[in-house]
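Multiple structures are listed underneath, in structure tokens.
Two complexes, one shared chain (chain A), two partners (chain B, chain C).
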Partner chain A sequence: MTTLLNIIIGGLIMGGIYAIISMGLSMQYGVARILNVSHGEFIMLGAFLTWTLSQAGISPLLSLVIVSPPLFLIGFIIHRTAFKRLSSISGGGAFEGNAMLVSFGLMFILQNVAMIIWGSSPQGYQFLVKSVTLGGATFAVNRLVVLLFALVISIGFYFFLSRSRIGKSIRAASQDPIAAGLMGVKINRVMALCFAIGALLAGLAGVLLSMIYQINTAMGMSYTVIAIIVVVLGGLGSIPGSLIGGFILGLVGSAVSYIEPSLQLVAYYVIIMLLLLVRPKGLLGR
Partner chain B sequence: MLDIRNLNVSYGNVQVLWDVSLNVRKAEIVALLGANGAGKTTLLNALTGVIPLRSGEVEFDGTRIDGIANSDIMERGIAYLPEGGRLFPEMTIQENLEMGVYPRKLWGTRKAQLERVYDTFPILRERKRQLARTMSGGEQQMLAMGRGLMSNPKLCLFDELSYGLAPIMVREVFRIVTSLREQGITVLLVEQNAYQTLEIADRAYVLENGRVALSGDSKELLANDYVREAYLGL
Partner chain C sequence: MSQYTVVLLSSIIMYIVLAVSWTMFSAPTGYVSLATAAFFGAGIYTTAFLGEFIPLPLLMLVGGIVSFVLAFLVGAITLRLRGVYFTIFTFGLVELLKNLVLWFEIKFTHVRGRFVVSIDHTTVFWSLLVLLALLLVAVALIKRSRFGRALQAVGESEDAAAHIGVNTTLVKVTAFAVSAFAAGAAGAAMATRWSYIDPGIAFNSLMSFMPVLMAIFGGMRKTAGPVIGAILFAYLEELLITRFPSLYMIIFGAIMVGVILFLPDGIMGLVTKLTRRGAKTLEHS
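And then the complex of A and B:
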């Protein structure tokens, strides 16, 4: 019973984080048409900035709000400079391919800069290393805090997209950019906003991850891969798909790694292959 | 109200519109007729900044709007219903309508405007939580009109409103267009359906190969031998 509860909590933690990073990637791909291979590097940046702040005695909870605006801004500026220019010089169909190549470049730059600043050995800090007993089972407090924030951020972001005026404009722009333009949506600004939101979500996920795991400057790639898996699983461009897909993958991952941690990624690939056989467009894709 | 002078538009090296001049007065319904490929959609796209124009002037409500960004036309008081409606398929009817008042200045009016549009199109009220892509063609056309009217436009540009609709729906749609004129809204109506269009329009222009071939009062055009033969099949 306790084991099951632990697997579920662990699954929800991973699921929430996967959902956050996948919704971020979905934002960047769905609207701005950028398959951002450097997505994981923004996670890493969020994690390391939090670590640096923690060395100065700043609580990682505070880092959630300190770290996110700069990452949002960096995302916005990168889009406004590199990608906007890229889209004006690459004709129609060429943009997506070119954008992916640029994001590869970005990945190497960010990773190497991080390596220069923070080195390549794993880092970590102590955060709320206490435990509580709930219903007979014992849980680490830091994991429960991460769980809470992962849920709040992923579900909160979903409601932002579905309810707010800006969220609606983002969805409209992803479904028909020209029609959205006729409604007064400034499409270039929305694309930059989406890229920035992607960076922001990745950063937040990084802050959360650093609260419970060791981090290193090469950690980004594996999360990029997971985000891509979730986005395909949920259906390309579908935000609810990414949300649900993230939690499914998290729960499965948690269960599998309880049995055999090294099989986690294998399990993800198996799920995605099986699903694509049954539903080639993903859970909620069309 | 809308004054277009010597408009030229090209796609790459291919010129599609040649020195097109056209005007629409306040609270008038003006029809723009022409065969497939004549350049009707191109004209509307160029007016609204969806595509660039090569040369020419466009004046609306006393100000030059040529070269305007397409995201600015709504705030000027122009509603453009592109060919095929171009709804947001994965959004509900109500969300589609809300997008019709997206500009910050208008967003606050959405409750009142929704009621107004729902009164004009009761079917939309019944279905407000339904996804746009699951509606029938006729309902989608109603939604497209409703979305266009949310912003209380001064000028409506309609591209083939009647396309693909059953005769009874065509009459209904045209009845609504006529009622717009009664509310003082100006309409530029692009249509293939020449006969019914000329019946409700005050004036019309006929576009052939990107040039204005004919223009005049609807009544005159209905009686014109060339129009009767080429466009009315009489």
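And then the complex of A and C:
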């Protein structure tokens, strides 16, 4: 019983983080048509900026607020320079492929700049290393804090997108960019905004990750792969799909890593292969 | 030739093989494959398993066949998907194989890596050169054949190709498998370069990106494009990777971004444009 509870809590923590990451990627791919392979590098940047700040005595909870604006800005600038130029020179079908290759280039640049700054050995810091007993099972406080923030951020973002005015224009742009443009949505700005929001969400996930796991400068790629799997699982461009898909994958991952840790990633691939064969649109895809 | 030159030329030829074989499938069809490292790694593991028993040319043949079969299976599942899905899938294949092989080795053979037989550099060099020659002949023959035309048609409009009676999935899968053969054979030959391998070394996803970058940089419309790209980057790697690995990767990434944004048709495209402009100026004067 305690084991089961641990697997579920562990799954919800991973799932919450996966959901944040995947909603970020979903913004970038679903709306801006950029399958951003450097997504994980923004997670890594968020984690390492938090680590650097923690060395200066700044609480990681405060880092959530400090780290996000610069990452948002970097995302916005990258879209305004590289991807805007790319969409003006490559028409329709070619854009998606080329955008992905550009993001691969960005991945190499970001990862290796980080490696020069922070080195390649794993890092970590101590944050709320206490434990509480709930319902007969013992939990680390920092994991519960991460779970709480992951839930607040992922569900909060979902409501931002479905209720706010900016959220509405983003959804309009994802459904039909041309019609949205005619209705007065500033399409280029919305695209850049979506890319920047993706970077912001990745950064927040990075801050949360650094509170409970060890981090290293090569960590980004594996999270990118997970985000892509979740986005495909939930259905391309579907935000609720990413939210639900993230939690599903987190729970499955938690269960598999309890049985056979080295097969976690393999299990993800098997899920995605089966899904693509049975329902290529994803769970909630249109 | 000195041993150093032989080793350098071998890696240049290896990259040419990888870049040309990548271009052979991805340029006409427009499906960007990131599975090269998977096939290359399959070749490396072929030599690691069988190196003591059979000679190099046979190893390359077996490595090629293993990759061919692997590509055929993967292609049959994934080549019905949209382009971007295919790319992600092929990229995932490298990580998947890496994890599977690692799990298999630790679980059943209780080793993390393996020792590979050593074969002298000159033999490896000549074997790779023969492989390259065969590949270039194959590419030239395919371009002129019915099959090559069908491949081109699939790339331009899959629906139209299907309407005129092309079995689009079979054409794509076959081309993918043939290009994988070359990568697998190259892997089998290059495996002897390392004396010790593990899944992390064999399935290095950088090997998937190098051919793409080389082909885009050189230009994909002509076979000379990937060849030029491969020579240039193989030499750049030789100069920088041991001394400044991070710097090399930053330059690598920056060139990748820069070429796609500013040189969409690569070096060969630029050359064509310049010569055309030159010809026009001559006409006017």
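In this section, the second predicted complex is superposed on the first by the 286 of 286 C-alpha atoms of A that agree within 3 Å, B and C clash if a C-alpha of one lies under 4 Å from a C-alpha of the other, contacts with A are read in each partner's own complex, and residues count from 1 in each chain.
As a working rule, a residue touches a chain if its C-beta (ideal position, glycine included) is under 8 Å from a C-beta of that chain, and two chains touch if they have at least 3 such contacts.
Here the structure is a predicted model, which means the values were calculated and not measured.
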{"item": "Which of chain B and chain C A:R85 touches, first, second, both or neither", "value": "second"}
{"item": "Of chain C and chain B, partner touching more chain A residues", "value": "C"}
{"item": "First, second, both or neither for A:P122, with chain B first and chain C second", "value": "neither"}
{"item": "Partner chain in contact with A:M183 - chain B first, chain C second, else both or neither", "value": "first"}
{"item": "Partner chain in contact with A:R171 - chain B first, chain C second, else both or neither", "value": "first"}
{"item": "Partner chain(s) touched by A:M273 [first = chain B, second = chain C, both, neither]", "value": "second"}
{"item": "Touched partner set for A:P69, first chain B, second chain C, both or neither", "value": "neither"}
{"item": "Shared contact residues on chain A - chain B and chain C", "value": "none"}
{"item": "Chain A partner contacts - residues on chain C that touch it in the complex", "value": "30, 32, 77-78, 81, 83-85, 87-89, 91-92, 95-96, 99-100, 102-103, 106, 205, 209, 212, 216, 246-247, 249-250, 252-257, 260-261, 264"}
{"item": "Complex interface listing, chain A residues touching chain C", "value": "35, 82, 85-86, 89-90, 93, 96-98, 100-102, 104-109, 111-113, 115-116, 221, 225, 228-229, 232, 262-263, 265-266, 269, 272-273, 276-277, 280"}
{"item": "Chain A-facing residues of chain B, complex", "value": "48, 50, 69-75, 80, 82, 86-91, 95, 98-100, 102-103, 107, 147"}
{"item": "List of chain A residues in touch with chain B within their complex", "value": "165, 168-169, 171-172, 175-176, 178-187"}
